Amino acid sequence: MNTQKMTFSSFIKTHWKTIVFLGLLLIGIALANEFADSYLRRILNLCAIYTIVSLGMNLVNGFTGQFSLGQAGFMAIGAYTVAIFTVPVEMRASVFYLEPMAPFLANIELPFIGALILGGIFSALVAFLIGYPCLRLRGDYLAIATLGFSEIIRIIFTNTQTITNGALGIKGIPTISNLWWTYGIALLVIIATILLVNSSYGRAFKSIREDEIAAEAMGIGLFKTKMTSFMIGAFFTGIAGGLFAALLGTVDPKQFYFTLTYNFLLIIVLGGMGSISGTIISSFIVTIGLEWLRFLDEPMAFGLDLPIFRPGFRMVIFSLLLMIIVLFYRKGLMGTNELTWDFIRKKIRSIQSRLGRKTSIDGGEKK
Amino acid sequence: MLKINNLQVAYGGIEAVKGIDLEVPDGKIVTLIGANGAGKSTTLRSIVNLVKAKSGSITYNGDELLGLDTTQIVDKGITLVPEGRHVFPDLTVLENLKIGAYMRKDNLEDDIKHIYSLFPRLEERSWQAAGTLSGGEQQMLAVGRAMMSKPKLLMMDEPSLGLAPLIVQGIFDIIKTLNDEGMTILLIEQNANMALKIADIAYVLETGKITRQGTGAELLADETIKEAYLGKSKKN
Amino acid sequence: MKKVFALLLCLTLTVTMLSGCGGSSTSSSEDSDVIKIGVFEPLTGANAAGGELEVEGIELANQLRPEVLGKKVELVVADNKSDKAEATTAAARLIEKDGVVALLGSWGSSLSIAAGDVVKSNEVPAVGVSCTNPQVTLGNDYYFRVCFLDPFQGVVMANYAYKNLEAKKVAIIQEVSNDYSVGLAKFFSDSFIELTGDENAIVETGNYNTGDQDFNGILTNIKAANPDVIFAPGNYTESALIIKQARALGITAPIIGGDTWETNEFITVGGADVEGAVMSTFFDDTNPLTEEGVTFVSEYKNAYPERENVAAVSALGYDAYNLLLDAIERAGSADPQAIRDALAETVDFQGATGAITIDENGDATKTEAIIKVVKDGKFTYLDSVSVE
Amino acid sequence: MSLLKTEKVIMQFGGVVAVNDLNIDIKKGELAALIGPNGAGKTTAFNVITGVYTPTSGSVLLSPANENDSIDITGKRPDLITGLGIARTFQNIRLFKELSVMENVLIATHQNVNYNFLSAIFRTPKARRGEAEAKEKCEFLLDKLGLIDLKDEKSSSLPYGQQRHLEIARALATSPELLLLDEPAAGMNPQETDELTDFIYQIRSDFDLTIFMIEHHMDLVMQISDHIYVLDFGCTIAKGTPDEIQNNQKVIKAYLGVDADA
Amino acid sequence: MTTPFYIGALSIQPVSILIPIIAFVLMMVLMFVINKTKVGMAMRAVAKDYDTAKLMGIKINNVISSTFGIGSGLAAVGAILWCMKYPSVLPLMGVVPGLKCFIAAVIGGIGNVKGALLGGLILGFSEVLMVAFFPALTGYRDAIAFVILIVILLFLPNGLLGQKQVEKV
């Protein structure tokens, strides 16, 4: 795709489906923001936030092939930055009621967007500090080291009473996150990821995933490239953490226990390591699926009064479902493919040809 | 003894072996020669099911081997000395030999003695970790280890790989000795010269297909084979 | 073949999901003769034990008083998995999907705080059961509660230590990762310092983390400081272990704590070592403070004959339900706004745990707390303390 | 003038000496070959030169065209060495398997990007220009190497021979002065080997390259090398022109083998 | 077992002495199994080289299962010892200790029994000593394991007693 020579009209021509799709999406968001009830809005917001985090994680794990498990920590940094800087100054005394907020922070209040970006930047900076020792490590060691760092971040937040209010957490964060914010930023992140992945940097990421030694022999600086990916991923995650804080209105360290990271790991594995569209799809599947299955927690699911239908049962079913999906689709739903119009067309054709059986055993594949 | 019919093997989309037929009669030395990547190793590895064959059949004394586990195949009396020796570096020499007899329940003493008599160097280094041995010693150990399972068919993948000529000669002498003792041998060699000299039957493998076959002496005398595989340039 | 199977499986599951969803969302029947009340509690996860006890109390109250304004009251229970994000969606779901007119819950202040914004923005009142953190109702006109607050409890225990135990020096052991524990510890020490007038009355503060099992390090330091009393609010398991290890180290000072101790696990874990441990709590089944309390205890023992004693949080759950129904009755309507206003005006409601008057913050002003002690492996009424 | 020089390089792994006193001197523009039995340390020598291993002792010196003095590249990171003008292929092909042919080659141009990742995301004019130039260069290369029609294929779906070509194309995309080929003819039949001979001649003149290769096919080696180094047990046992090597008794004994018709 | 006896001012619970002894004995048994028995030999072989181990007639799956069995068994013994000292059982009590055990193994060097013991001792001592000497830092106790891990991996990427791995190119 040679973007340079592309005129406006040809751009429209090749991308009209995408443009129409985006338009519909915007209308959908507007309608949802206006008419959907707060329950639905909340879930949709979570979907968008999880999409952002998972994309950040997939950039590192899926595209660059570095097994990192620090997501919860980066989210915490973003969330706390937003919390610390957006709680109205006059409310702070009542929030920090055990020990007052540190004086150098107590009177700084930032607009939401500023705090959000700052959260992303802090998160990326911490990623730099973490990455410096960790990115030299091999796969499983990297995973455990990043997991450890994410725990350290949480423990620090628990203990820095005058900055983070310790275990009490911070309450009273203005709940600014709405569908426009979350989907707007999710869209930006998606577009940025697509553009990044398809640039020279993206190819460098993928080359490291494929073969570190060959990548190095091609002049790719392993450490620098991994670090770039790691920091961008952390930036996205930090921003998502900020949105998360502004959605819930409260943060505390327990929210960011390392098990939170497993949710995102699950999303990217299910969606396909190295697939942007797969990640988006599975973020929605996981978030909505968990809510959907809530009926399994009720004692009278399906009108049956079985003792197994008790709180927690939906998690059992949900885990089973995921295991089944991963068993049948080894590489997740999308593998490393992307859901493009071409991909959809091919899929439909292959299904058609399979239904048509003998008429075209390879006819569908040829085009 | 071993019969391969129309064997096809593919690795991740690339066909390495494209339908070969070959036969290893009882008590003979059979060799496969060919360039790197021609599919020799793949053939051997598919016989013991270290790589999965796509189609075809491999029978051993009439029993189909395809579909059996590696351990089951080894249990039938087939063993492979893999390319690059692959001794267990952390295990001692003696342990390496013992592990070769993993499937056996009887007394190993005599066999170990026999192997030590064939390779006195191994006896000297009995308590050393195998990883500290030199290349030639490791190759001896790999052969000795394979012999510990008392195989009826011994397959060797490039036993001369990386060894000094003198040691290569020694290895080939051992192969001959083993054959005289009644062991059937299937051998892959880059050093086609040596291999053809001791082989009763030889096959030439080129990009996954058998292009020539004959007795060792026949192929050794063949001009085209000489040109392609015997390493010496035509100018000589 | 595999794929076909997987596809079929997914399809069936989608269908069941859809049918399940269809079944549970009957929010359209607004004007029916049912009033729905949402209960959002942690039924799985770290806080599950507490959540279940509260639900028991609420359900018992519902059985005893199933109707209000001539309509049937239906409880809709949602699990918030001890997780904040889940707590907010669970609350939102109850309000939007199930159309409840008010909420009850949740065990764990942080979960209630998280749901606070949802009830506030949807203008649906909520009654907290045992969430003692001041921040639950702070700045939120739609959140109320039936329990006393941590500051009150801190003052109660400080008074108890100072007056009853005649302590001059205390040591504090707090669970740093637990907001309840650090909050209570803080209120206790403020109050105790005020009572003694001694800036250095707190001779040692030990910190531990949720899930810790070895406290010998902290305890050795405390032993050296030789306090008269040790105040150790926190999770029941860790607290019981602290007491065990303290006794093993030869620390003999009385060890006192807060309401979270009052669980059977505390005694099973602590065994003989927790004999004599003292805690403040909301309710005591052997000495009910009110008539309602007597009724509750006998009904509870009927409903759950296998239980040895009645958990205070169950009593609070019972009170929360009745307080809400009382408010609905007074409002004369099931309109959430009307219920909120009626709740705010509650004066001298006679609950099982005492008389409740809702103050301008939405908190229950209670003047009495129960002090219990572990005696012969049972939580036994020791005293009731009133603080102004 | 020498382009690459190794001085007394020794490479030890634990107790095993893989390369012992390696002394190589490659002149600018020449085609040198490294031969020796399997396991003699040839690939290890390549790995030391390209920075994959840091030698136990000794030094590797490179004199690139745009520098006056030679640079000590001993133990430098592989990517930096590539940046200085040494590119390589691998004995057991190491392509980026999941990526397309075009992407494989484009990755090799990444070291030259002069814009940061933000420009890449925002597709600034500079980034677009850079991308277009890189594409052009890679298309030119692929065209030269006869792979242009396959540019959108997954690299692992290529036949063996073409994978070898692609590896060379990829190495060339780093704009090297010195190209290291590790057994380029491995797995090729005599006819393919002949083609490869022509191909190496061609790229050498087209790209003005110095080539250093490891090879077992003696036909190929004897035919095209200017100089040959023979390695055995990590030691350089001989060096010289093809004729000298062919008649060197030591080499015949260690490597070429005492042939029946010799 | 938990009633202490006194040596001067020192109070010691019998379990506190018993646990290290049992741990040490188990380590010796484990080392014996790994180094001296046939199945241990097979384990070491499988760890290095799957394919070649198969060629020896070793049933890989059986070896892996028995390794898993031994590992889980040891974990169970560990848990029993834990509960002798800290008598309380919770469904999620294994999460943090499990993570720390993994860290201990990494610190000591994966694949090295003595390393695991060393790693475990280092972790355990540093946690206890930190709490004892810097009570103000108690809140950071769980972080110390990770700090040690990262510091050690920075200087010794294969752990204290781990072997260097050279990737074949």
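The letters A, B, C, D and E name the chains in turn, as written, and every chain counts its residues from 1.
The rule we apply is simple: contacts are C-beta pairs under 8 Å (C-beta built on N, C-alpha and C of every residue); 3 or more make two chains touch, one makes a residue touch a chain.
These numbers come from a predicted model, not from an experiment.
Student: In terms of touching chains, how many steps apart are chain A and chain E, taking the shortest path?
Tutor: 1
Student: Taking each chain's centre as the mean of its CA atoms, which one is farthest from the centre of chain A?
Tutor: B
Student: Counting only C-alpha atoms to place each centre, which chain is farthest from chain D?
Tutor: The most distant chain relative to chain D turns out to be C.
Student: When the centre of a chain is set as the mean of its C-alpha atoms, what distance in Å lies between chain C and chain E?
Tutor: So the centre of chain C lies 39 Å away from the centre of chain E.
Student: Please work out the Cα centroid separation of chain C and chain D, and write it as a whole number of Å.
Tutor: Comparing mean C-alpha positions, chain D is 71 Å from chain C.
Student: Taking the mean of the CA coordinates per chain, how far is chain A from chain B in Å?
Tutor: Measuring from centre to centre gives 52 Å for this pair.
Student: Please output the residue numbers of chain E that touch at least 2 other chains, ranges allowed.
Tutor: 139, 142, 169
Student: At which residue positions does chain D touch at least two other chains?
Tutor: Within chain D, the residues that touch at least two other chains are 14, 52, 90, 97.
Student: In their complex, what parts of chain D are in touch with chain A?
Tutor: Residues of chain D touching chain A: 50-52, 77-80, 82-83, 87-88, 90, 94-99, 103, 106-111, 113, 117, 120-123, 127-132, 134-135, 170-171, 173-174.
Student: Would you tell me which residues of chain E are touching chain A in their complex?
Tutor: Those residues of chain E that touch chain A are 99, 102-103, 106, 139-140, 142-143, 145-147, 149-150, 153-154, 157, 167, 169.
Student: Quick check: in the complex, which residue numbers of chain B touch chain E?
Tutor: Those in contact with chain E are residues 48, 50, 69-71, 74-75, 79-80, 82, 86, 88-91, 95, 98-100, 102-103, 145, 149.
Student: Which part of chain C faces chain E closely enough to touch in the complex?
Tutor: My answer: residues 46, 176-177, 206-209, 211-214, 216-218, 220-221, 237, 240-241, 244, 248-250, 265, 269, 271.
Student: Residues of chain E touching chain B in their complex?
Tutor: 38, 41-42, 44-45, 48-49, 51-52, 54-59
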